[in-house]
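Two complexes follow with subunit A in common, the first pairing it with subunit B and the second with subunit C.
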Partner chain A sequence: MQQYYPLFTAIPLAIAFVNLLITKINKRAGDYLALIATGVLAYMSIKMLFVGPFSYHVGGHLPPWGILLVSDGLSSLMLVVINVIAFLSIIFSLKYMTTYTAKPKYYSLFLLMVGGMNGVVITGDLFNLYVFLEIASIASYALVGFGCEKEELEASFKYMILGGVASTGVLFGIAFLYSITGTLNMPDMAMQLELVGINRAVAFVIALFVMGFGLKASSVPFHAWLPDAHPSAPAPISAMLSGVLIKALGVYTIMRIMFHVIGPNPLVSSIMMFLGALSMVVGGLLAIGQEDFKRMLAYSSISQIGYVMIALGLALNPGIGMMTKALAIVGALFHLVNHAVFKSLLFLCSGAVEYRTGTRDLGKLGGLIRKMPVTMTTCSIGSLSIAGLPPFNGFWSKLIIIMALLRAGYMVYGAIAILVGFITLAYFIKLQANVLFGKLPEAFSEVREAPFSMVLPLVILAILCVGLGIAYPFVETEMLRAAWDTLLDKAGFMNLLLGG
Partner chain B sequence: MHDIEKEIRESKSGMTMIVKTIVRFAMGIIILFGAYIVLYGHLTPGGGFAGGVILACGYIILTLAFGKDIALRKLSDQGASIMDNSGALAFIVIGLLGYTGGYFFLNFIDHGKRFELFSGGIIPLCNIAIALKVTASLFAIFIALAIFGKFISGLVEEEE
Partner chain C sequence: MVLYFLSLVLFVMGLYCLVAKKNIVKKIIGITIIEYSINLFLILIGYRRGGVAPILMKDMSVAELVERGVDPLPQALVLTSIVIGLGVLALMVGVCLRLYEKYKTFDMSEINRLRG
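Up next is the complex of A and B:
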């Protein structure tokens, strides 16, 4: 398995280009190619969970000169999240994307985005990370504007400009770090930075990274692009953007760099906790007033990412106890996985509703549970999970985060987290009341259940919502333990430079 | 071949006779220089990207001088798309062929004698693949902008 690690980027990138060549001859081939490629990747990513940490030298060049790929608990966890959601989104796309033209181009862009995200997660080289970040971002700019309508192009343009600013910030940050340490290899850079400490240049780098990666993660002062971009994209892409992209490009990169390269310090901790709390409150309050199904989900993403950020911020504080730190990281990682599952479920549900009814306006929908029972049941499960009701998965992760906050003595932040839980419940009740229940408009009396290829991923994701909640102890030991061990073990990360 | 020559001479689109004549002389030199930058990329400054840009400039200058119809006959948008994808694919295949020696992107070809044209193992091959990709991509972007530009300006005229 170890020697095939680079295939996580090579397969999607290669298939993206093969797809465009083959579909010039046979239009149907794109469906199969994308399905097989993402299926293989999902299978490989699940197998990777059971492989211990290792590093891979691309081209056989020794680090710190060559490009280093790193596999540890954190990257394995992220790979599973990315590739499984990508596979389910592709299954959903088979039928859904027939409403759009240029399906082959869609698959190619989708695979480029997956290749970019996998690259960000597996690489151990900071400049390499930037390149893959750009591959995934540029593919997502194009996908947001895929419908080519006025609003979609506007959203795409806005996303591109803001994303470009963020990428520039990240590039400047990387350049600064390179000038301070003389290396781009992340484990090596971590060793050099231990000697330098947090001087003014490093503090500036932290500011640039919080801005750049914070924008990719859509935490509040940098969130303006998300409520436009996510609803504009086709539903499977919204699921990928909200479920995976903001985590792979934003949260994962912050985790990797802040924990492993720069190292935990109180400055970053307090900034991230503040931004997290702000995201939770602002995202939640703005979500209540939304009348568009997908726009409400988009604001809810901002709010939920706030939970992950506040927990990560807490774990970055060197002053708190080991036990609380571990609790915060488990909460953050578990909420990250859960959010990927239920948010992609909800976005796919909105796609299924739009496919059958042609509208996303909450005011015009209603009573659909009688016409689309399976889709609406899964939608309900997703809503209850995200609102944090037991025994669904969202309950456990929010509980752990709140417990960690209270244990560390952050009473105000803990109270905010509880309050935002109620706000979340409020707007998901509004969503359910307007879509599932109430009076069925006459225009929808002929609406049928969504096609099988669209229902299947919904059902799988709904089962995951329930399963991750009930089997929480198993999830913690099997999936999360390796990841939080990794995050707390900076020395182990630096040792990857020597091992291989 | 003769027909195209005749058509180029008689075509009214594009710029004046002076520009057309000079572009016809310069075109060969530009392509030759681009190819040189690509092929000597592993020995001298330049490489796949820089050479590819110069090659694409050759096609762009052709479009400017003779109009897009004649340029598209030299390299059609479909052709550009195929060239673009083949270039990228070739690059990944070179990387995957490294697995014959056990590593992704291993330089598995004999490195040869230093400072000779046939040296550097897979580096010149990578440069050629990148040049294909860059040439086709830049040309395709230019053509897309030219076509859409015309489309949009047509719309504006209609509205007026």
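Up next is the complex of A and C:
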């Protein structure tokens, strides 16, 4: 498996290029190409879960000179999340994207985005990370504006300007780190920074990275683009953006750099916990008032990312006990996986509803459970999971995060996390009441169940929601243990440079 | 040191242009200026007064190259970052033209159908 590791970026980038050429001859080929490519990637990523940590030297150059690819518990977990959700989104797109023109271009951009995200996750070189981050971002700017209507273009432009500033901030930070340490290789840089310690230059880098990656993760002071961009994209792209992109480009990069390169310190910890709490509250409160199906889900994404950020911030505090730290990381990673599952499920549901009814205004929908029973049952499962009702997966991850906060003695943050849990329940009850139940409007009396290729990914994701919740002990030992061991083991990451 | 300061001034000018100007073409110019200020900063990291190109010539010892050669890595990074900047710029201008087709204006304050 080791020698195939670069294929995680090579396959999507190559297929994205080939796809445009082949679809000039045969229009249908794009569907099969995208389906096969993402299917192979999903299979490979699941196999990677069972491979131990290793590092791959691109072109055979020995570190710290060549580009280093790193595989450990954290990157394997992220690869599974990215590629499985991408595969399901492509299945959904087969039918859904027939309502748009230029389907081949859509598949190419989609694959570019997947390739960029996989690259961010597998790389062990900081500048390489920036390049892949930009590939994924540029593809996502284009996909947000894919509909080419007034709203889509405006959202895309807004996202592009803010994303551009974030990217330049990240590059600025990387340039600073290079001038401090003289290397771009992440394990090597971690070793050099151990000698330097946290001086004023490193503190400035931390500020730049919190701004840059925080904007990509849409934590609250930098969240303005998300509620416009995510609803404007086509539904499978919203699922990818909310479910995966903000995590791969924002949360994962913060995790990797703060835990492994700069190292845990109280400054980052308190910033992250504050931003996390702010995101939870503001995102949750703004979600209640929304009248648009997708906009509500977008605000809810901000709120849920807050949970992940607050738990990560807690784990970055070197002053707390090992058990609490481990608990916080398990909570953060589990909530990250869960949010990817149920948020993509809900966005795909909104796509299915829009495909059949032509609207996503909560005021105009209603009573759809009688007309679209399967879609609406999965939507209900997703809503209950995200609201944190047992036995669904969201309950466990929120419970662990709140337990970790209370164990560490952060009573106020713990209380906020519990309160936001209730707020989440409130706006998902509003969603359910307005879409599933109530009176069926006259106009929708002819509405039928969504086509099979749309229902299939919904059912798979709903089964995952229930499965991850019921099989929680298995998930913790089999999937998350490797990842949290990795995050707590900075020395192990630095040893990747020396070992192979 | 003065040069580092000037690249910061350029950065701030770009940021001002981005925040204060309403015309979307000017906003695009602002973001390009920010990009260039960072490219300049990267070049300055590898700069060395009186340095030579980092190529080992026949009449030069390795010690002399280490003594006088500039750091080649930032130059490679800047090339990559310029190419990425070009990609972003092209996409921005494309979206900007489409926006003009739809709204018949470049004024950002009139393009406000979304509330953020």
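Here is the rule we go by: the second predicted complex is superposed on the first by the 500 of 500 C-alpha atoms of A that agree within 3 Å, B and C clash if a C-alpha of one lies under 4 Å from a C-alpha of the other, contacts with A are read in each partner's own complex, and residues count from 1 in each chain.
Just so we're on the same page, a contact is a pair of C-beta atoms (placed from the backbone, for glycine too) under 8 Å apart; a residue touches a chain by one contact, two chains touch by 3 or more.
Because the structure is a prediction, the values reported are computed rather than measured.
A.B. asks: Overlay done on subunit A, so just call it for subunit B and subunit C: clash or fit.
C.D. replies: Because the two structures are overlaid on the shared chain, the partners are seen to fit without clashing.
A.B. asks: Per the contact definition in the header, classify A:154: touching subunit B only (first), subunit C only (second), both, or neither.
C.D. replies: A:154 contacts subunit C only, not subunit B.
A.B. asks: Contact-wise, after the overlay, does A:362 reach subunit B, subunit C, both or neither (first, second, both, neither)?
C.D. replies: neither
A.B. asks: Have a look at where A:179 lands relative to subunit B and subunit C in the superposition and call it first, second, both or neither.
C.D. replies: second
A.B. asks: Figure out whether A:435 sits in contact with subunit B (first) or subunit C (second), or with both, or with neither.
C.D. replies: neither
A.B. asks: Under the superposition described above, what is the C-alpha centre angle at subunit A formed with subunit B and subunit C, rounded in steps of 10 degrees?
C.D. replies: 40
A.B. asks: Report for A:206: first if it touches subunit B alone, second if subunit C alone, otherwise both or neither.
C.D. replies: neither
A.B. asks: Touching A:134 in the superposition: subunit B (first), subunit C (second), both, neither?
C.D. replies: Only subunit C; A:134 stays clear of subunit B.
A.B. asks: Just subunit B (first), just subunit C (second), both, or neither: which does A:17 touch?
C.D. replies: first
A.B. asks: Does subunit B (first) or subunit C (second) touch A:6, or do both, or does neither?
C.D. replies: first
A.B. asks: Please tell me which partner, subunit B or subunit C, touches more residues of subunit A.
C.D. replies: After superposition, C is the partner touching more of subunit A.
A.B. asks: Closest Cα approach between subunit B and subunit C after superposing, in Å?
C.D. replies: Nearest C-alpha atoms of the two chains are 5 Å apart.
A.B. asks: Show which residues of subunit B lie in contact with subunit A when the two form their complex.
C.D. replies: 78, 81-82, 85-86, 88-89, 92-93, 95-96, 98-99, 101-107
A.B. asks: So in the complex, the part of subunit A that touches subunit B is made up of which residues?
C.D. replies: Going through subunit A, the ones touching subunit B are 3, 6-7, 10, 13-14, 17-18, 20-21, 24, 56-60.
A.B. asks: Could you list, by residue number, the parts of subunit A that touch subunit C in their complex?
C.D. replies: 127, 131, 134, 138, 141-142, 145, 148-151, 153-158, 160-161, 164-165, 167-168, 171-172, 175, 178-179, 184, 224-225, 227-228, 232
A.B. asks: Of all residues in subunit C, which touch subunit A in the complex?
C.D. replies: Within the complex, subunit C contacts subunit A at residues 15, 18, 24, 27, 31, 34-35, 38, 41-42, 45, 73-74, 77, 80-81, 84, 87-88, 91-92, 95-96, 98-99, 102-103, 111-116.
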